[in-house]
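Below you will find the structure I want to go over with you.
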């Protein structure tokens, strides 16, 4: 299975940056889920590169769900989400088609598809394809919210500037999904933007870390071998070409500590309260088990423990830069000096 | 699919720490592959905890391949690998069965299996189950070697002590698979062992980072969406319960740099030579494309670029420690003070 | 995986009879395959109900491939095939929405989707959804033809009238794909049509048997367990709601005979010749192995033996009839007398 | 995925006729299911060829479940079922290893595995491998019984002798699983045995039809496309090498009739009663929907309608016969006259 992912719920992606349409088929969604068109549109708008930040393509993503929805609710059959490509660059991609832009997939696509790939604007590897993922994700986020599960992501660091951490995640993380530039500390956000713009002045780009929390997931979800929570999420996360690292909880920090520092100790708490029970109590519908710390990111042995699932993605600096870079022509073989690269 | 992983080649794991046998079914192996029993045994011996380091179970892993091999070669049908559990602890696990050992999967297993799980020695979550993975992996490593692909792993850091890095990976990385304590710099290895022992004296444990290189993989392997090289490998790697983070190339280091620092530039080299071609050359069977650096770990857009695939796993400190830790009894609910935890 | 089928090549179906669009995503097609638009259109025209025969919807199926094709050839990435629904009935489906048409999926859809299903014209169960399958199939048939594999189907029987059998399949079976009414004996075809029309006069319908041959498939394709040639093909074939039986070779005839009657004996033949070698010969590139008869339909132990793969599908009489039938209202529960049912 | 089948519950098969052990891994079974060892043993005994009927191998199938069961109940983790091969023939298979027994998989196995296959006694294609399927099936049948779902199979016809049909399936079909020779009419059973023995006297074999009913399955199970009830069941059923045809309901009989004959009309019945409601009633927990006939075998549009699922498998005459047959040596190419073939 190549462009399809997921068991209970599966998504199939298709499209190229400069083809007629991109889209996704989302299958396995239960019948009767309301479709929040406004929320989908808002998420697509967030993905769309705007202003000084991001790449040059300012295309409004007009999506259409052509199946699987009837009278505003899911039917239980596949949702096909279509997004037309309206603002295709007119530039002549053929002239540079065999120049391997460093950090991009031009050469690996050529190696895989033997020259038949649609090379215009990154083709099937374009960041644009994520628009379909975003629309599908917005539908799933809504459905999970109805079940009391919230997902939110902030920019943990960008261009060397760190946002504050989630803390005890009392924050309404759902609000993060509605921010244009998702940070907990908006001043830090402004510093990040300054870094992005400064790099852009040099024809360069920056990287960062995204941090996500999933709240409200009950204990007992996941599998011990292979389909662990970490394994399944990372499998999906690494599909975004710029994501090169994924860690759960304090992974890369824990490696230098000791077991006694990072074993999250358990306690019992009355539901809806924060303080640990002091006297001996019986497990019941009134009490739940929590951990005092969450170094393991809500997952033990691949299975949720009821604490927030917290993970971080390392996003490498955008490879699309305007600085000159050394590269080769992978068809003709001549060495080249690339003067300029842009993406999408 | 729960305990099965892989498409072309798939593995199905089974077994519990204190059941009759553990094992794996390895399917999809081409017919005619030689089985190197000695290499399998050597890999199993490396996995087995010995001496002062590791947990207390010193069981010789006697494996048996009961199908899929005929006259010393694979037949193309599934290989069932069986490993009997011979040295089961006699201790009474029932007394502590509902104590949630911090950092372990006792509580999450209970939440998932509703109390029917085999709780003895970690059951299906035991590190012992990896013995079947190791045996299967040894078969696959041999098969890949026949195709010119070598895989090697060293302990990149442990207890805060760093090994030297792979450098240009001129090292015969296959040798790493034969070392008892796999480091490039044996002095650093001794320092690591000292750290492990020092922690052990305190009834504590340490963590570390494993770094793996895959050499000889041709360009063009992997998928752009979902079944990226990074996604598929991380999916498998996170099955090991102690692995909490996975990064490819310099992922978490790259996030603070700029695109121009980390875009690996391409050059052309005569095959078998190291220096870049200085004059313009045509791509041919004599010349191949390489990158000057390998910050992307051999993968662009999810697909191999012909450079070594390099990734690192963050291994958290072993949760099995002898120090007292706070926890709860997840059936009876009383708060407990755990005096001692051991694993396997 | 619900609406997705296939391993190397997979298809994902979506759409409802009266939704905006139906379609399919076809993935795993090798790069560089030519797209024969004319052949696809011809296949879609064959599927389309016309004239007196078939149901009333005479919609031209205008398909569009919006991804995975570049400069007339496949790129190796997913092909999304879209077919708009243009001629939607204006009739008020709501009035009869909870009437279970006998032989149709109205009630089972309700039981599965709890009333959220798009009930108009059969929704996701409509025969119309097969248009996307036909388009995808046309692409695959072209690709297989380039590899020397031909697939052809004729109406083996219809309304009690039998066509002649494939014989030794010297027939150019590919021609069958271009016939409007695919029979080997056109007179028998006229008799079949007469039966269809006679039944239609009574407000009734007929059934039949489709017989397919796949020629040119080399020996050794298929798996011994589960993914047998028979298992995989039947899994797909039974998706067509009217197909209720599938047999390979002479299955239901063989059950009354003896092993000696139906064991297809082997012989050796010079390639391109028909007569068995009379003297002892060595297997070489000049000679190939065939069977004297083909009662097993080209498959032994789930794997092709190099003979034509021959299978038959039992197609039940179309459930859409105009005769009054007893049924129930599955929401309100009242017994009803249905006066008229039509499909699509 | 080659030797693995199933989504929620999956089975992985391994083993060869003359290898050390055969077996299966059964995964996805819910925790807490009781294991009925006696029932498993009884099913294995039924599979085992005995007396004059069947092939010569009279091996007691001693199975062992080495994982996934704790204190007599399933744990929710994979069950590995092992069956040792104790009574291996001593005969020299090497002498006839490249003789293609007609109707067997010797030649197709060679074409697929290039001569590396374990050819002794049919290897991985041996009917013996079904022993592991039978043991796994016995576990699943028990689990389904606990949910009110019963499965039973009888020999619908054998050697040209027909058993009576299921009728209204008031029969306790579960009893069929305990019969040595599963027929509804024991006299017909004796006639069938006589046919088998008569064929055996001629060194020949007979075929037959197996008919299965699944009772108690609620309406709404199955998928409209691809994972239809018919598609998934047939996929599994065709794994048995002798099964060459599968039909649901009256498939191959329906093709000659009309829609009005075979559209199963619906009616409403008070639960636990047989007669249709005569006055208008409301659907409620007291009433359920049934069909007056069951020509569609309990499935409409791929989804169960609450009626018994009824299907039939065409089992070709056992290819293992003692009569001389023409065949070839697929390695040396010489034409041969096979004097004798036996199986397992």
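A few remarks follow.
Labels for the chains are A, B, C and D, by order of writing; each one numbers its residues from 1.
Just so it is clear, a residue touches a chain if its C-beta (ideal position, glycine included) is under 8 Å from a C-beta of that chain, and two chains touch if they have at least 3 such contacts.
Every value quoted in this text rests on a predicted model; they were computed, and no experiment measured them.
Counting steps between touching chains, the shortest path from chain B to chain D takes 1.
Taking the options B-D, A-C or C-D in turn, the interface that duplicates A-B in more than half of its contact pairs by residue number is C-D. Farthest chain from chain C, judged by C-alpha centroids: B. Taking each chain's centre as the average of its CA atoms, chain A and chain C sit 40 Å apart.
In this assembly, the C-alpha centroid of chain B lies 46 Å from the C-alpha centroid of chain C.
For this pair, chain C with chain D, the centres built from the Cα atoms lie 25 Å apart. Chain D has residues 1-4, 7, 13, 77, 112, 124, 224 in contact with two or more other chains.
Considering their complex, residues 1-5, 7, 13, 100, 102-105, 107-109, 111-112, 124-125, 129, 157, 159-160, 199, 202, 204-209, 218-228, 230-232, 234-239, 241, 243-252, 254-268, 276-277, 280-284, 287, 289, 291-292, 295-297, 299-306, 314-321, 323, 325-328, 330-335 of chain B touch chain A. Residues 1-4, 7, 10, 12-16, 19-23, 25, 27-28, 31-32, 64, 66-68, 70, 73-80, 82, 112-118, 123-124 of chain D touch chain B in their complex.
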